[in-house]
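Two complexes come next, and they have one chain in common, subunit A, joined by subunit B in the first and subunit C in the second.
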Partner chain A sequence: MKHLKVMSVMLIIAITTIVMPAKVQAQTGKEIAWKVYDRPSPKDGESDMTMTLINSKGKERVRYLHQFLKEYDEVEKKVMFFKAPADVKNTSFLNYSYDDDRDDDQWLYLPALKKVKRISGGSKDDYFMGSDFTYEDLEKRSPNKDVHKLLKSETLNGEQCYVIESTPKEEGQYSKRVAWVIKDKWIPLKIEFYDEDEELLKVLTIPEFKQLKGYWTVITQNMENVQRSHKTVIKLSNIELEKGLGDEKFTQRAMMKGL
Partner chain B sequence: MKTSAYILGTLLLLSNLGYAQSEDEPKLEINGFVRNFTGVLLAPPNEYSIIQNTLNLEFRLQSDKFALYANPYYFQYPNKADEFRLREAYVDIYLDKFDFRLGKQQIVWGQADGVFITDIVSPLDLTDFLMRDFNEIRIGVNAAKINYYPSYDHSFELVWMPSFTPGVLPEDGSMWRPPVDFAAPPTFDNSNSGVPFNLESSEVFLKYSMSKAWADIQLMGAYTWDDAPAMHVTPIAPPDPAAPGLLIKPEHHRLALAGMSFNTQVADFVIRGEGAYYFNKYYQTADPTATDFLVEKNFINYVVGLDKTIGDWKFSTQFIQRVIIDYDEQIKENEVDNLATLLISKSMFRETVRLEWFSYHGLTTNDALMRIRGFYYPMDAVSLELGANIFTGTEGMFGQYNDNDMVYARIKYNF
Partner chain C sequence: MLTILFIKTTMKNLTTKILQHSKAIMVLTMLLTVLSVWVLVNKVYIETDLDEYMPHEHPSFAYSDWAEEQFDIRDAIVIAIENKNGVYNPATLQKVKGLTKALGKMKEIRKSDITSLYTADNIRGSVEGLEIDAFYKRVPKSDDKLKSLAKAVATNDMVHGRIVSEDQTATLIITKLDDNVFSEDFYEAIIKLSKEYEGDGDVLYVAGQPIIEGTMAILMPKDMKTMLPIVMLLIIVVLMMVLKSIKATVLTMVVVLVSSIWSFAIMAAMGIPIYAVTTLIPVLLIAIGVADGIHMFSHLQLYMRKNKNASKEDKISNMVAEMWKPVTMTSVTTAVGFLSLLTSEVYPIKYFAVFAALGVMFAMLLSLVIIPAGAMLFGLPKVKHQEENAKKEDAFANWAGWFALKITRYKTAFIIWTILLVIFFGYGASKVWINSSFLERFPDSNPIVQTDAFVNDKFMGTTSINVILEGKEADAFKSPEVLKLSEKMMNETIAKFDAIGGGISINDFLKRMNKVLNEDREEFNTIPDNSDLIAQYILLYEMSGDPDKLWEVVDSDFKTGNYNLQVKTDNSKTLEEILAHLETYKDDFKAIGVNLNFAGSGYTLLLFNNLIMEGQIKSLILSFFIVLILLGFMFKSWKVGLIGTIPIMITAVISFGVLGLLNIPLETTTALISSIAIGIGIDYAVHFIDRYKINALATGDKELTIMKTMAHSGRAISFNAIVVIAGFLVLLVSEFLPNQALGAIVSLNMFTSFIGTVTIMFIVLYMSNIYFTKKKK
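Entry: the complex of A and B
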């Protein structure tokens, strides 16, 4: 009887030992995801943006943009002006992204049409301007949409990182993401994106980031489609944060006026 | 020659300003494109529908407070006279709550694609029917445009056009010239076809816009001229009583309208619409008691559209209806005219290839125009377009061009 009792206690301990770390890990993975999501960000900012599309043969196509961004209580407003190449010059794109599950509101100004068109915001799986980034890749994703699991800790590019796996609760464009998050900076240094067959589809790497006005800011990011062997490099320059941008920057009037 | 000198003068003025103020904020930007457009009819003997080489230039000198803009273009044809014109040339002045634009300008209103319901400020150049790009179909008008922004999401736009600019119809002998349908041989008298060049003949357009995250809404009104002249018909006593004739006097008449447009997003769909009530449009009638065989009627014209994007696919459809109010059976046009459009577009290979289907379907006249085209972008700023324009039906706006099916190629370089 006593032997049985000892066995029972040992079994409970064993189960607890197995289960509890898993529970802690799950919470920790979620916490890490929230740390990334809640990483302090500036109220507003603007920058030049260079987007280089590189195909499997190494041929490059470069797009130049200028973007303004401003955070409001429940919405993030972003406007982008295309500066080159010539066939898209003076095109502008305005996006309202909401904290809740509402679809984005988006408008596009095409100078040839001379009017601002509202466009469907439900196409976040679309690739942005022919790049390897989808619209969803370029925005903050709420941790509530995924189940997060801490896989391990390891060093990447000299940075101590948590490695977390995030699996969407609802079917999306990726079956899962695996992110290497820098401890105490909460920047994902690398993210692997897996397709619906759970095959590695894309790899995002952050070769350059720095602290500007107290905010950790990603300067350069590379997205490589490993299945199709092409990649996209986005690099920001002339970054200005906390400028006190006015609301007038994020209007259809500003879109039509241009830079 | 006079036009050329005017354009050259404008360009030099812009260049000088750009040079003189190069150390200040304003900067001069020169952009444009060159393009070859070659089309051939499908019906034997496969005549060329068009061979056109284009040089399009855009000069912009812009600062925070003002901008100067000029858009001269040159169409070169191997088989007819070249065109060297100024599509737009204007000055912008930007104030805190006001924008002013003065000069020759294209003004675009409304939410519809490829149809013109409230988009009637700039008349249309239908020299090549609807084959040109829409920014090349609209004719620049001499106007003063004032935009007032009392807040970020409300605005008022007032357009005053001191003089009337008529639309352009296909020239005589053109494959796009609509067939003339009169009961007897017509004799045209254009003595009343012009509009007086005075203050009283000016045109006024007013629009209120509200832009919210949930919807964009516009209300508009206009007191304008009908771009399409009414044909005043008078029987004439011919020398031979057995062969009566008709005297046709084209004349533009005043037209007023009140309208609205909107767009909003519901789920993943964008819903668009616009409509207008037009007052006192002149319609041709067979009623012999009507003066000059014309009657004045009001009519409604509206469109409802739906847009949807699924991955790389884009879908858009529109339903357009025009209804003549207090219809008289002897009016030559239908009481109700229904039209639909369909757009299907797909981008692929990282947006280096795009396939597009855009079609008009005359639901009342059972005719259609199908524009099928593919774009290839081998490098930045260069595009190669291959397409076909197919007309079906025997009557109506598109059926009348049933012999004009064509294939074409356009090569364009932007700079």
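Entry: the complex of A and C
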């Protein structure tokens, strides 16, 4: 009996090794995570941005912004100007996000105070502008920080997806994340975030993305906090990539100058 | 006349039928009772959520509900950790973190509803700008880190005195609760959890409105459950003493118990839960129901003594024939007294009215059926025919006669004394005040009172009043004009009342931000003058902190603000004074287009109690008139009706007068009982007048009538009064103040009704010459 069991296991291993196509076999969870991380992205760009916050009673608040973005070797710089509502018009936000573990540097310019203020060096688990996104959610996370496991492959919204589970090596804001990554586009179409008690906390979905100048770009993303039943929708428009934006755009002086 | 004759013969026929089928009746009653018990066991449940009492359709409640929903205003359980050596030590801080997490794991609690030093936001200024982060994530261990944490808290007005006491010896974990999650199990779980975290010099206290309300809702029925058997036992003993018969006592108690069981079973069958108020029904039915039995057996005994040789059937028939009328009349008036409570807007009180009235009707029916049937089946109560006993009875009759004559001789003195008493207690009644405090219903030694006192002493207060300021359009709460007036209101109100520990509003966020963004200079601890700056501060806060905290003080359009005040007592007088003061700002706000309203549990509780009181007064007046009409109708004379209401009027005045003079506030239970007292108190007068009428028409002799009436009715009434007073005095040892009050008030009311009936009402009846003038004509 025992022999039979061992034999059959060996047989299964042998068959799968021979039969399964080399390409698919190569995709481990870790590799998929790296593919997503290494997906080519533009050097710089600008766009309009609409951020809609929807509370548990379904009440919406909308902010209109214009953002500039530039990638450097070890830092990503971002500046955002509020266009509306009127009372915060020209308020601007500058963010330096470092590739290493350092906290972001960020500043806010308040036109009414006529001062640039540095704000909460914010650990990466702070919420971005009172939305349901934390700073970390909006950044690329190094696959080295997590252990990845390929759970399965399935079709989501008509796209072939790998479902990978990423568990952080060190305790972080999430106990794990489960992502549906589109095969060959390497965009996560959906990510589930689990809180420290391993309960589902948030769900990110990407209803709209397209290829611009050869880059797969996310146009709309929804983040829903299922525990607070609060939702944020970020939608980009008038996207221009690879414009060769100058470094002076990403300074405190530029913040004060306005758009 | 013909109808009366008809009713009389029908009653006689009915009695004959009852006596013939006594066995079947007893079996049927038993079966119905068994069925009722089955229904009770399977269907009954106790409602502990006080919110279920609130009339949510009432505009003020509807507004408060809306505001509570809008700003997530909910009652919170407050757990205090006290460490006499200060809370800034690794062990205590670890407990704050551990308890915060443990609470978050309970199924009744949402993680985001917990506020503690571990979850609180620390808004602070730095050299370059604003920082909002947690006070600690990992528990600080080194002295330096502990000291800097202590300093961070001490310099933050939004936490200092709110989450950590000013003397640093206590810290709070505040957990907002949803309605209807509070249960006995949950309460036990919370208590157990907090016990686990004691030790290392840490003492834990659990307080907060849900605990007080929940404990009360659980304790009141529980207390009633322990007190009810004691009351019953005592009533049985006293019944035995006055009726001197086991059979009579058993039958009387069976009537009372079965009527309570039936009434509750119908309630349960209809899917209506037991509320704290309805737990009063059995105890009240005992007080009322025994009267029927006492009067019937008392009559039976007197009749048996005089007609030793009459047959068993005759004796029973005579009892029913002579007593059915007063028994029916007293029951109807009592039921009407209860039903007048239907005017109340509070549903549990309406249920109370219906099922108490139903119970009274059952008690009447059972008295008229079970007592004769039981007496038939089990034999008549023994009447001792020995000389000694007869002498005793004669002595009572003689004494009663002497008493009757004496009273009529000194009638003027009695009338004057009564008037003086009414004036004296009427003055006292004018001083009665209403207290809706739940806390003050527990004795001072109760742990819940001590815990609450501790938290109120160290922190801002456990009762909240929410002032809801509503602007005409969006962004009203970015306007410096509106904010500055609200700041004035908050500052002046907090300064004026010692009972207010503090408050929280959008103003605190803005002041804090203004200060920390201006190099932490105290002169910037004010509302900024520029509305754009206010808007940008708010944006800054939203970008760096937990915006959900903001939405508890202002709505997301900035149209409506929630100005919270924490009060250290839930005493109605204090709350009323604070609300009255806040009302004075109404016009100033109106002038700048802002409406001022109130919300929150402190406010709705007050409103609710006022509503109950209003209902009580309405029903008191209503039941008085209905009883007057009923009496007038029953005795076919308005004059008699008026005379009959004398004892209850005096009872009501004295009852309220005693409360006023002793400075005992009215609360829902005492108010309820006072108005019910009318329905009960009237019974003595009905029995007395009925007997007086019978004697008057039979003898035509005034002196003989008063002597005979006093010997017959006076006997039964005094028996009744002794039984009920003795039974209810037992409640004075209850752990629960409203139940103590219930015992005292029912006893007092029974006593005054009794005395009022046999003295002043008797005198007025005597002086009115009624039932004699007719004859002379």
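Assume the second predicted complex is superposed on the first by the 230 of 259 C-alpha atoms of A that agree within 3 Å, B and C clash if a C-alpha of one lies under 4 Å from a C-alpha of the other, contacts with A are read in each partner's own complex, and residues count from 1 in each chain.
Operating definition for what follows: contacts are C-beta pairs under 8 Å (C-beta built on N, C-alpha and C of every residue); 3 or more make two chains touch, one makes a residue touch a chain.
Quick caveat: nothing in here was measured; it's all calculated off a predicted structure.
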Looking at the superposed three-chain arrangement on subunit A, would you call subunit B and subunit C a clash or a fit? clash
For A:62, decide between first (touching subunit B), second (touching subunit C), both and neither. first
With the two structures laid over each other on chain A, which partner does A:167 touch: subunit B (first), subunit C (second), both, or neither? neither
Quick check for you: in the superposed arrangement, does A:129 touch first (subunit B), second (subunit C), both or neither? both
For A:227, select first, second, both or neither according to whether it touches subunit B, subunit C, the two together, or no partner. second
Considering only touches as defined above, state whether A:108 meets subunit B (first), subunit C (second), both or neither. second
Considering only the touch criterion stated at the top, classify A:119 as touching first (subunit B), second (subunit C), both, or neither. both
Determine, under the contact definition given at the top, whether A:247 touches first (subunit B), second (subunit C), both, or neither. first
Just checking: does A:197 make contact with subunit B only, subunit C only, both, or neither of them? Give me first, second, both or neither. second
First (subunit B), second (subunit C), both or neither: which does A:175 touch? neither
Select, from 3-11, 57-65 or 129-137, the region of subunit C that bumps into subunit B once both structures are placed on the shared chain. 129-137
Once the two structures are superposed, pull the subunit A residues common to the subunit B and subunit C interfaces. 53, 55, 61, 85, 87, 112-113, 115, 117-123, 126-127, 129-130
Would you pull the subunit A residues touching subunit C in the complex into a rising list? 53, 55, 57, 59, 61, 82, 85, 87-88, 91, 93, 107-108, 110-113, 115, 117-123, 126-130, 195, 197, 227-228
So, in the complex, the side of subunit B touching subunit A is made of residues 31, 33, 62, 94, 99, 106-110, 133-135, 147, 149, 152-153, 155, 211, 213-214, 216, 263-265, 267-270, 272, 307-312, 347, 350-352, 379-381, 383, 414-415
State the interface residues of subunit A toward subunit B in the complex, per the touch definition above. 53, 55, 61-62, 75, 84-87, 89, 96, 103, 105, 112-123, 125-127, 129-131, 230, 247-248, 251-253, 257-258
Help me check something: in the complex, which residues belonging to subunit C touch subunit A? 69, 104-105, 110-112, 126, 128-133, 475, 478, 517, 530-537, 539-540, 542-548, 551, 556-557
